[in-house]
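Take a look at the structures listed below.
In what follows, chain A forms one complex with chain B and a second complex with chain C.
And then the complex of A and B:
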């Protein structure tokens, strides 16, 4: 089936063009690998959402109950074993999918539960950085002048301090501080720190895009019609650079997940709940005892979500912004 | 050109100022007074006061003050006089108001006014005085102050940074000495790692750029993305376990009595492998951008061999972005690698940073953040100047 090319000559039908989004998504649909990756990412998100619902509505799903001891300490994966659970006298036969850790908790359940921590951190950090970076970049690019100078100075300053150092400094300082009556603890400090430090990239991108587009015809038309500056920025310009935000968001997500792992390892993340960073950290002492499954589980979980996000983000960039195409 | 360099150097000033502002807000305003933490749980007030004095927590935040002579008594009388004056002022106001009210309603008797309450008002004034009032009362020691100079925490923060005298860390050692000692091990780890990665990834990138569109190209790109997706920590832990513990080819931990090169080999290799994915992909993009150019087509058209085109023409032109990225990486080479140094016990700057984070040593963190930012700002400038110098198309404006 071939697409009928729309013509304006000798035709009374209104010509229906495809929007940038429709075009991009059509191109994306053709890429099977990207769609598979998208499904994988969505699975992680749904898992995180389900774990939240499970906690809020108290469904008591066994899969998410990582606290329960399911076997002896450091039980190997896939192997049946006999053990006596606490409070019972008779030994029972059992097997566990991905082995157990030192406390006899299931590695599989911990790995699944930790996806909630990672997704939450990455999502909130992205949202915070977009909420800071996008309006600032748009305002700087649109008004120029001293507003631009100030914002460029601000992001150059923050960008001059190396990212992971700044995140660590923020996380160390923000922990156990009280702001407006709410104490920042655990992962809240982590994603606030990440969000407050990583808006520089998106701010710079949006500023550049707005500068490129602010003299285009549709902006001039809007101005001629008497639109206010705010309306031009938020109703006309930002929707047209929205794909830049989406692309940046999908590629930045991976960085946040990896940064969360490092921060958890440094002891700045979630303290009493499982996280992939803490699981990998535990492997430092476990590997010498041939306990490889805890690290393997966390590594595989991170690997799958990062690979899916990387491939999907690249495909998204190629499809939505063909000018940026790298190969 | 000289004018350009001077202008860029002048642009450094607001950035350094901004960095100092960020670190001040972070470590002094939000981080706050950590004298209690330094002194420990059971320290008496005297020790805490001593520590506060040594680290300068007893200074006011912005504007400097001097202890007022005859402190307590003078302050008390001043304060009483101040409150009295306030009360009198308030009372006259209230009396005037009552008189106006009486006049309006036409009654002859003026209602007696109540004793004015100014506790809240006074508190507000005192709170404001922390920053701007002429006389400030330090909340903890009860000392009265007089504003004379700019001997404040804010100014001290700047003088510390500009004179590179960062004082002592929590373990009583000079921070400057700590940092100078850490540079050597950090650099001996990062320089072999960086140049190893650079050479391997550039040569691979040339090959891959030549093979573009083939199965090999796709396979290598996928491998790169896969390598980028693996967490750095897994690389380190697995590498340390397998090559140092299992096979026992390398030392597991840094030993001070052995030469540095011996214990640096394994972490440098791990860092190389972990960084190869993203680097190879980056340089491949650069090479592909070059290969699309017209001069490459011309070179092929006049019958040069692929090897000659790649190494003589493409590589030379691709050197501009490569040199830029190398110059931009220099500050990170000096910084060292936090995780690698932590795992292999290499006493570099990364290890210092890790220690500072785990012991909440804001002084070391502050010094490191400032020095790193300074290095990065400076080498960004160097990269820009290099770029302008190499590429005549860049305009100086």
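And then the complex of A and C:
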């Protein structure tokens, strides 16, 4: 057997090959804006994780205690004020970033806490939709025939229903339902609803990729060696389309954050904890009395994470998909 | 290509114009139109099944009942409407003989021969009551008649054999409900029913012509046929309802007597004039408060309640008068008590809160009702100290000074320690059920949560949609729940006290599943008593039993702040009367002048 390691023209020194992932990450690192956006996204994830740990381990971090009253009702942001906290008699001077809401709670803390709600929903909804969409797409693309027809019929039917309407319908139906002894409440019902209804895009994408690759040499080789269909799909084909899943995941994440905001705005999301949609819903009526800060806080938080995710997702696609490379 | 493009552009205004053109309801001639914003859709206009305030508000203008309340007199006085006089009551208080006015006609309707409304007869009342008893009709108002009239419950049993409400033979006699002749109705009772005359003021007891039910069948909910001053002209569901004057309405006149201050307020200026004054009533369904408020300020609504967020713009709360902004527009303010009660209820069947009186009392004293009133109602509602409303004759003003309802965190903490002894350790997490997840419900829920958590308790809020909330309440699945509303359709306090009687366990009204044999005994005793000092004593005893056992944390009672335009004459709020629109008059000249006034005021602001 001959050694087929590539060498340079002038020497016998072997050239070190780069995998698709290593190459993609190298290209990504060159994009400063994408890296800044990645840092922003990671910050949101870290905040969500910290809030989760704070709740589980009872760390009592003040920044995450959104329930605490920090001032009078509807206190304007960046303006000093005097107030008497509950259970105290002496008034104290205070100052609060981003003002207070109806109950004197810090809008800033609510905005931060709401990132946990949105990130949790988007993360789990993405995972559920991938867990449904990827295997179905792969099976449809690989086997074709009646299996393909059935799955294509199913996703075409689901795809014809407007996404947000379907999510709302599922969210309403799933609320307060019990599965395997666990009650679907609050955001659990929301991300399950989103996950169950949003797999069509990734399913269609993976089906196309699998159809394209199923006659590739490495698949034919695996088949010639007697690999089972399951092994070919999950060991050979899916790892080769994994970058498509990652790209789709990053872009889909924004969609799920927006969907969560819409559902919360409509009163179908998290009800007893802050979420950006609920903050906007509450601020809607408050705008009439010039209370703009709750609306502003939620909008800024959504804007920043959406922009960061979009820029980062686009950059990731450019870097991981060889066909889209322009550099 | 270009030619075709120009044709399309030319046609575009034809498509868009209808959307830009809106008909001003008050612009036609000198027609007096009363425009009223409804915050929610009306479910039905079938009197036998109407239950909500807004349905009642509409249908009461179309369908009349035997009795009504005097519009102006206070305290509230029952007067005949379709009856000729107050009923003749037998000595044993078990037989009511009611003479019905002659010459009263149903409005013209296709259900009658020749589309001409026929004369009202006593049989129409008998039919209406039997229809409510018909199980296949499934009236939500059956509770008002249950176990009251001789033979009516048996008639209900008889209807169970049919599959369809229209198969029931209404000629089957009910001994306690007889039309002696065309103009005499006789009601015989199982036991005394002291509230009967008050209950007969409600539109749910309005006469129903059998011809209408046979003609419209299931569509009765959209075709009310009554004897009232107005008739339904159009009902665009979810958009608006329009009523127009009933041309065959009998001669009724504006009252010549009233409360002592009414003459000075100009409320007797129209005494003796024929009713109604207004030509059309338009109920516009506007679910959001802000658009309704802007329409009102523009002069496109005659009257409206003040949105929470616009309250400071409208009312100077210190002086209890309209602000300059409102006065400049000649808008008037009316402040009136609404017989209502809002509360946090405990499920007395719950193993934690139901068996632990000190826990319930601790939560009661940890709940700052004044702060609730200040935050949610701009401090304008009443803090409730009693289950009875101050408008009720049996209300005891001294109750506010008794130590049942006050906010006292120290006492609450002491009571909590007692509660933990009964519990045998720390109190487990408590769950509070709330209906809705709109901003108000969420804010209210957070407030409740914070109040209870001030005792160091763990509290979880359970926000559910209305049907789930009601289902849980009826099945006793809430642990603690927020509730309340305008529950009292008559000034008699027995209705509110029935909320705590064992025989009225949910879904009949006692959602707390509160059961106290002493209370039940007193209730049974008071239920058949006519208003008297003895009955008042019993009512107050029962009230104190409830406050001591604390199945409920009393919060607030609504005080209604209503703004109405200066062109609206004769307006006087009445908490038990839904058909006050027939008494109201509109000064159309002043109404038209308002648009110019509004323009002038806007121009003044611009420089």
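Following the convention adopted for this analysis, the second predicted complex is superposed on the first by the 307 of 327 C-alpha atoms of A that agree within 3 Å, B and C clash if a C-alpha of one lies under 4 Å from a C-alpha of the other, contacts with A are read in each partner's own complex, and residues count from 1 in each chain.
The rule is simple: a residue touches a chain if its C-beta (ideal position, glycine included) is under 8 Å from a C-beta of that chain, and two chains touch if they have at least 3 such contacts.
Since this is a predicted model, take the numbers as computed values, not measurements.
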Residues of chain A touched, compared between chain B and chain C (which is higher):
B
Output check: A:259 vs chain B and chain C. Expected answer is one of first, second, both, neither. What do you get?
neither
Looking at A:154, would you say it contacts chain B, chain C, both, or neither? Reply first, second, both or neither.
first
With the two structures laid over each other on chain A, which partner does A:267 touch: chain B (first), chain C (second), both, or neither?
both
Touch test for A:166: chain B only (first), chain C only (second), both, or neither?
first
Looking at A:284 after the superposition, I want to know if it touches chain B, chain C, both of them or none. Which is it: first, second, both, neither?
both
Per the contact definition in the header, classify A:103: touching chain B only (first), chain C only (second), both, or neither.
second
When the two structures are overlaid on chain A, which partner does A:125 contact: first (chain B), second (chain C), both, or neither?
neither
Determine, under the contact definition given at the top, whether A:302 touches first (chain B), second (chain C), both, or neither.
first
Going by the contact definition given at the top, which residues of chain A touch chain B in one complex and chain C in the other?
172, 267-268, 281, 284, 288
The answer for chain A against chain B in the complex is residues 153-154, 156-158, 160-162, 164-166, 168-170, 172-174, 177, 254, 258, 261-262, 265-268, 276-277, 280-281, 283-284, 287-288, 295, 298-299, 302-303, 306-307, 310-311, 314, 326-327
Sites on chain B touched by chain A in the complex:
14-15, 18-19, 21-23, 26-27, 30-31, 212, 221, 225-226, 228-234, 237-238, 241, 245, 284-285, 288, 331-332, 335, 338-339, 343, 353-354, 357-358, 360, 362, 365, 368-369, 372-373, 376-377, 380
Residues of chain C touching chain A in their complex?
289-290, 307-310, 312, 375, 409, 436-439, 442-443, 445-447, 449-450, 453-454, 460-461, 463-465, 468
Using the touch rule from the top, collect the residues of chain A that touch chain C in their complex.
67, 69, 73, 86-87, 102-103, 105, 172, 175-176, 267-268, 271-272, 278, 281-282, 284-286, 288-289
